Amino acid sequence: MNIWGKMLNIDRRWIFLGIGVVSIVPFFINFGMPVRTTREVESIYEYVDELGSDNAIFISFDFAPGTQAENMPMSVAVMRHAFYNDVPVFMTANYPLHHGMMLAAMDYVFNPTTEGFYEDVDFEDWRELREAGVTAKDELVEAWENQGNQLPDGATGWVFEGRDYAALGYAPVFSLVILGLTVSIETQYPVDAHGNSTGEMPMLQEHKSLREVDLALTSSGSGACVWWVTFAREKIGLPIAFGLTAVMATDYFPYLQSGQVIGQMGGLRGAAEYEVLLAENGITPSTDKAFVGMDVQSAAHLLIILLIVMGNIAFFAGGFHKKTLLKGGR
Amino acid sequence: MRKNWIGIPALMILLLLPSLSVAQGDDEILTPVAEEQLEEPDPGLDVPGAVTVQDKDNDAGDNLLVSFELPANTEGIFAYNVYRRVAGELGEEAWNLVEVIPAEELPEFIDGYDPEYPISTGVLYEYRVASTTVDGEEFFGPIFEAGIVSKGEIYHTGKTKVLIAGGLFIFLIFYYFGKAQRGAKMYLRPIAGIEAIDEAIGRATEMGKPVLYVPGLSGIADVATIASLTILGRVAKKIALYQTPLIVPNRDPIVFTVAEEVVKQAYLEAGRPDAYDPDSVFFLTTSQFAFVAGVNGMMMREKPATNFYLGMFWAESLLLAETGSLSGAIQIAGTDAVTQLPFFITTCDYTLIGEELYAASAYLGREPKQIGALKGQDACKAIIMSFITVALIFGIIDVVANTHILDWLRDLVTTPIIE
Amino acid sequence: MYETIGIWVGALFTLAIYSFLYKENPIYRLAEHLVVGISAGYGMAITYQITVKPRLIDPLLSGDHWILLIPGILGILYITRFIPRISWLSRYPIGFYMGTSMGVYFPLTMKANVLRQLEGAMVPLYQSGMAWYEVTGNIIMILGTLAALIYFFFSKPHKGLFFGTGSKIGIWVIMVGFGATFGFTVMGRISLLIGRIQYLLGDWLHVIE
Amino acid sequence: MKRTVPLMIVMVGGILMILQYFIPHQISQTVFAYYTDWTPIIVAFALVLGVGSLTRIHSHKIRRKAKNWQYSYAVLIPLFGMPVLAHIWPVSLSGGMESPSIFHFTFMHVQVSIQATMFSLLAFYIASAAFRAFRAKSALATVLLLSAVVVMLGQVPIGELLGRWLPETGLWILRYPNLAAKRAIMLGVGFGMLATNLKIIFGVERNWLGGTGK
């Protein structure tokens, strides 16, 4: 076998090693390649940007740790955007594992080590104000700060559990839960993930069912995102936005084209685009994890293309195109 | 609701009759109930006028369409509070606030969505509407009794297009069933993957290595799984004749039981019930990637000569197929999962694309009805293609002549998003 | 502590699986067998917890949901498979599941796979403000759909101008689509690896943030 | 009894559910509610069969001391250990399903880690598959290769540096020709599914019954 032949039949383990190396290096050396935004993501951004404290959105954590790298930054980005505009956020998960993802996302957004974090106020901590009828966001912040609470350094703002977010979490047979949510949020989730009574939450009193909600983002690693279209969009016309893994994204273009979803974020890139939009508009101080991941993507894509090119050079230079060898279909 | 489905009139009229009978004439302006005027209208804030209640179409009898006349003078009105109570009940606490409509919005809504105050079928209700100020001060209009009660319909008029399309499809399939059974000769074009099946089994026999057959990772109700099990029957029969070992790992327990039956039966039909190894068909685990871990391990240890991946696959497609190719097996794949097809195409020797997988079971069986069904499916595709072609022509006409006939055609097939 | 041990265990099993990239080995084999057993056992435990107990046992014990005996008995009929003489009884629950699923899917498939797709294929070629490549795209999409549909004709030989050329263009369109999907997928697959690297280097070794 | 009754069940169930779709009436809603309530219960029992199969095959291996039989213990012990830990083992001894417990730990740190890692192997495999498969062997293979490379480059920032046309072209391929292919496959698959639905409901396709019903 000549050199070309050897190159064509290279031990796959060298390729594996190459992928491993290019995926690790960018974590230590940032290239910071620019990411340009597309209209699929811009439409979600613009929609969320229009919303205010009278509106409400759902963010459904429909992904497992396996696709966390892609799905997590999307949910986090939309969550931060909503918090910035004082839009109440309901959070759900369609599977027990996904419930953990929801908690992890909250941890990240509320954690003081995160740049531009939000200072979380527990449901119990502002009971007094709530019972006094102070539930409008600006009044609430004012009253809260008058009580002597101070926004920590580096925090973007306050978020009040029950006013700004409700961590509803997982409930079994989630497709039917969505169906039930179109009728009532409270009957599906009498208590939230922290054991708080949802009926007492101002945001549930203002938004009793999905009919009174303005958007649901499903950040999904599986076909479960379609449940939102089937059971919420088709049934009551709730606007849906998709956050999908890159793999699923092409599959769901038809939903976008037919107008069943208002926009979609596809994979790490979609998430990075949203991060760029947030950073450009001053909603977050900087871009986040998805943006870093894009450097790894660039490196890995280049390596794969290089491999393809080398494979083809070897294929033609070695004269293999004249013979039929190398099994492999059409 | 759009009702411009000109085309298949006879069937439609038949279907529409029941729906028309329930849809018509259910609205009525209500007469004020005089005896109970609760509050003097403040001359400062005008009160709303007559309340109209209609039964909502296409529901289970748990919704009412409510609208009311706006007051002549809307000055100072911030919103309207709509109250409802069961007719005949008395007292202030019988009233439930069912909707708040901001002054700038249309004075109509669908009542019955609020889970706290559902509407019951056949119950008569009364309504009253109040104008409210910014501070929440209410000025009540008169009470109206709903002239009608909510009732459930027996036909959903919004689903007529699905019904027509479904009816047409059923008709075509049965037409070709009949035709095929009467013995009409029907041509079937060759499919490369199917012809390769025998060759692949032969190879395993020569090498004395097992054949691996993965019937997809989906459940029994998945059409891809059903097609795969039919093919498994044929494959197992061949294998029984050649006495090659067979490995069939399953992810779904029901699929496992059916696959076991199918293989057992195939060995019986091949006349070799004794050669059937009860451990050849087995359940592994319901977890997707644990399943892949198991199958991949098996592939590298047992080194099957031929791998079949037929059925529904998700992300594991490439994990299985690439490991299989690493182990040096001949691979035949087939799936209707659009996203996974590219991976099978690039890593397997033969791939059945989408519908070819379903067709394969008809090819192998050569039963007249199965072939008839294929013919019926082709007829449906022809109908779809003519629709698209006409749409293309209309599209061109629209551009050239600046008309809007394409919209008309689209409306024929548009199904409402909200039903 | 609990979390730390957890991350160590997770990291070691992660490496055990990656060792398969080098070659099949006893460590991988152990991880493989363990995960099969654990996941199947987990499946059993969780099914009891979220389905059997709340949906069947609890309502039955509460006394007024006797109707649930029907699905309960149908379910138990599956287990007759272990008794060869009456194993045919297991066809009843399979039949129930098959029949109802097929019925539920029929109208939904008609709507989603046929009518919706047909509607999507009927796009206006040109609307004001469309760029030239969008117009070309629309034309290619319509013609491409037609050609690819021809490829899926089984009862006509793929010969002649219409079926021959049509199906050839069809398979080209399909291949372009497959190439695009493949290329598009690469990104998602690399992301999965990024997730694991973040776990190994961040959560476990703390060498990256 | 052995074949006719199941076929009847299928037919009645199928037709009922099709009709149900078109009827908004309360009765129809109730029927559907029963279906959604019952199906998970019925399906849940099937898992027992799977566990039976897994137990049988691995106990055979151990008994016969087949190759790698020791590993069968690694399947059997957790297979039964997990449900016992979840439902029988006392919570005071780290039983139960909530964190912290042995059950939760095993699931979270062994199963989830292994699954996520298995999934991530795709990153390696997709590279080696691309290397082997994307060769310009024929016109068709070239088309496949080119569209993959263009889309792949268009996805990442580095593609944009090479030229704005790259991502645009990539998106264009995804939006138009790719959509055409998908749509045609989905239509074909749709008709195949519908036909199979009918064949099963009307008992033409009986493969799922398995054998001849003795």
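In order of appearance the chains are A, B, C and D, and numbering begins at 1 in each one.
As a convention for this text, a residue touches a chain if its C-beta (ideal position, glycine included) is under 8 Å from a C-beta of that chain, and two chains touch if they have at least 3 such contacts.
Owing to the predicted nature of the structure, the values given are computational and were not obtained by experimental measurement.
J.: Which neighbours does subunit A have in common with subunit D?
T.: Looking at subunit D and subunit A together, the chains touching each of them are B, C.
J.: Which chains contact both subunit B and subunit D?
T.: Touching subunit B as well as subunit D, we find A, C.
J.: If you tally the C-beta contacts for A-B and for C-D, which one comes out higher?
T.: C-D
J.: What chain is the most remote from subunit D, judged by the mean position of CA atoms in each chain?
T.: Centre of mass proxy via C-alpha means gives A as farthest from subunit D.
J.: Could you name the chain whose CA centroid falls nearest to the centroid of all protein CA atoms?
T.: Chain closest to the assembly's C-alpha mean: C.
J.: If you average the CA atoms of subunit A and of subunit B, how far apart do the two points sit, in angstrom?
T.: 26
J.: Starting from the mean Cα coordinates of subunit C and subunit D, work out the distance between those two points in Å.
T.: About 4 Å, centre to centre.
J.: Counting in whole Å, what is the centre-to-centre distance of subunit A and subunit C, each centre being its mean C-alpha position?
T.: 20
J.: Between subunit B and subunit C, tell me the centre distance in angstrom, where each centre is the average of that chain's C-alpha atoms.
T.: 16
J.: Give me the residue numbers in subunit A that touch at least two other chains, ranges are fine.
T.: Each of 12, 16, 19, 23, 65-68, 173, 246-248, 250-251, 254, 257, 269, 297, 300-301, 304, 328, 330 in subunit A touches at least two other chains.
J.: What positions in subunit D touch 2 or more of the other chains?
T.: Residues 18, 21-22, 40, 43, 46-51, 54, 68, 108, 111-112, 114-116, 118-126, 128, 130, 132-134, 140, 144-145, 149, 152, 155-156, 174-175, 178-179, 182-183, 185-189, 191, 193-194, 196-198, 200, 208-210 of subunit D each touch two or more of the other chains.
J.: Return the residues of subunit B touching two or more other chains; collapse runs of consecutive numbers into ranges.
T.: Counting only residues that touch two or more other chains, subunit B contributes 159, 162, 166, 169, 220, 254, 257-258, 284-287, 289-290, 293, 301, 315, 338-339, 341, 343, 345-347, 353-355, 359, 374, 377, 381, 384.
J.: Counting only chain pairs that touch, give me the topology of the graph as line, ring, star, complete or other.
T.: Topology of touching chains reads as complete, every chain touching all others.
J.: Can you check the complex and tell me which residues of subunit B touch subunit D?
T.: Touch residues, subunit B against subunit D: 58-62, 121, 152-156, 159, 162-163, 166, 169-170, 173, 177, 219-220, 223, 226-227, 229-230, 233, 250, 252-254, 256-258, 260-262, 264-265, 268, 278-279, 282-290, 292-293, 301, 315, 318-319, 321-323, 325, 336, 338, 341, 343, 345-347, 353-355, 357-359, 361, 369-370, 373-374, 376-377, 380-381, 384.
J.: Under the definition above, what is the set of subunit B residues touching subunit C in their complex?
T.: Touch list, subunit B to subunit C: 159, 161-162, 165-166, 169, 186-189, 191, 220-221, 254, 257-258, 284-287, 289-291, 293-294, 296-297, 300-301, 338-339, 341-343, 345-346, 353-356, 359, 374-375, 377-378, 381, 384-385, 387-389, 391-392, 395-396, 398-399, 406, 409-410, 413-415.
J.: Taking the complex as given, what residues does subunit C use to touch subunit B?
T.: For subunit C paired with subunit B, touching residues are 17, 20, 23-24, 28-29, 31-33, 35-40, 42-43, 78, 81, 90, 94, 97-98, 101-102, 105-107, 110-111, 114-116, 118-119, 121-126, 142-143, 145-146, 149-150, 152-158, 174-175, 178-179, 181-182, 185.
J.: Under the definition above, what is the set of subunit D residues touching subunit B in their complex?
T.: Those residues of subunit D that touch subunit B are 18, 21-29, 43, 46-51, 53-54, 56-57, 60, 67-68, 111, 114-116, 118-119, 121-122, 125-126, 128-130, 132-134, 144, 182, 185-189, 191-200, 204-205, 207-212.
J.: Which residues of subunit C touch subunit D once you look at their complex with the stated criterion?
T.: So the residues of subunit C touching subunit D come out as 2, 5-7, 9-11, 13-14, 16-18, 20-21, 29-31, 33-49, 51-52, 55-56, 67-68, 70-72, 74-76, 78-79, 81-82, 88, 91-110, 112-114, 117-118, 120-121, 133, 137-138, 140-145, 147-149, 151-152, 170-187, 189-190, 192-193, 195-196, 199.
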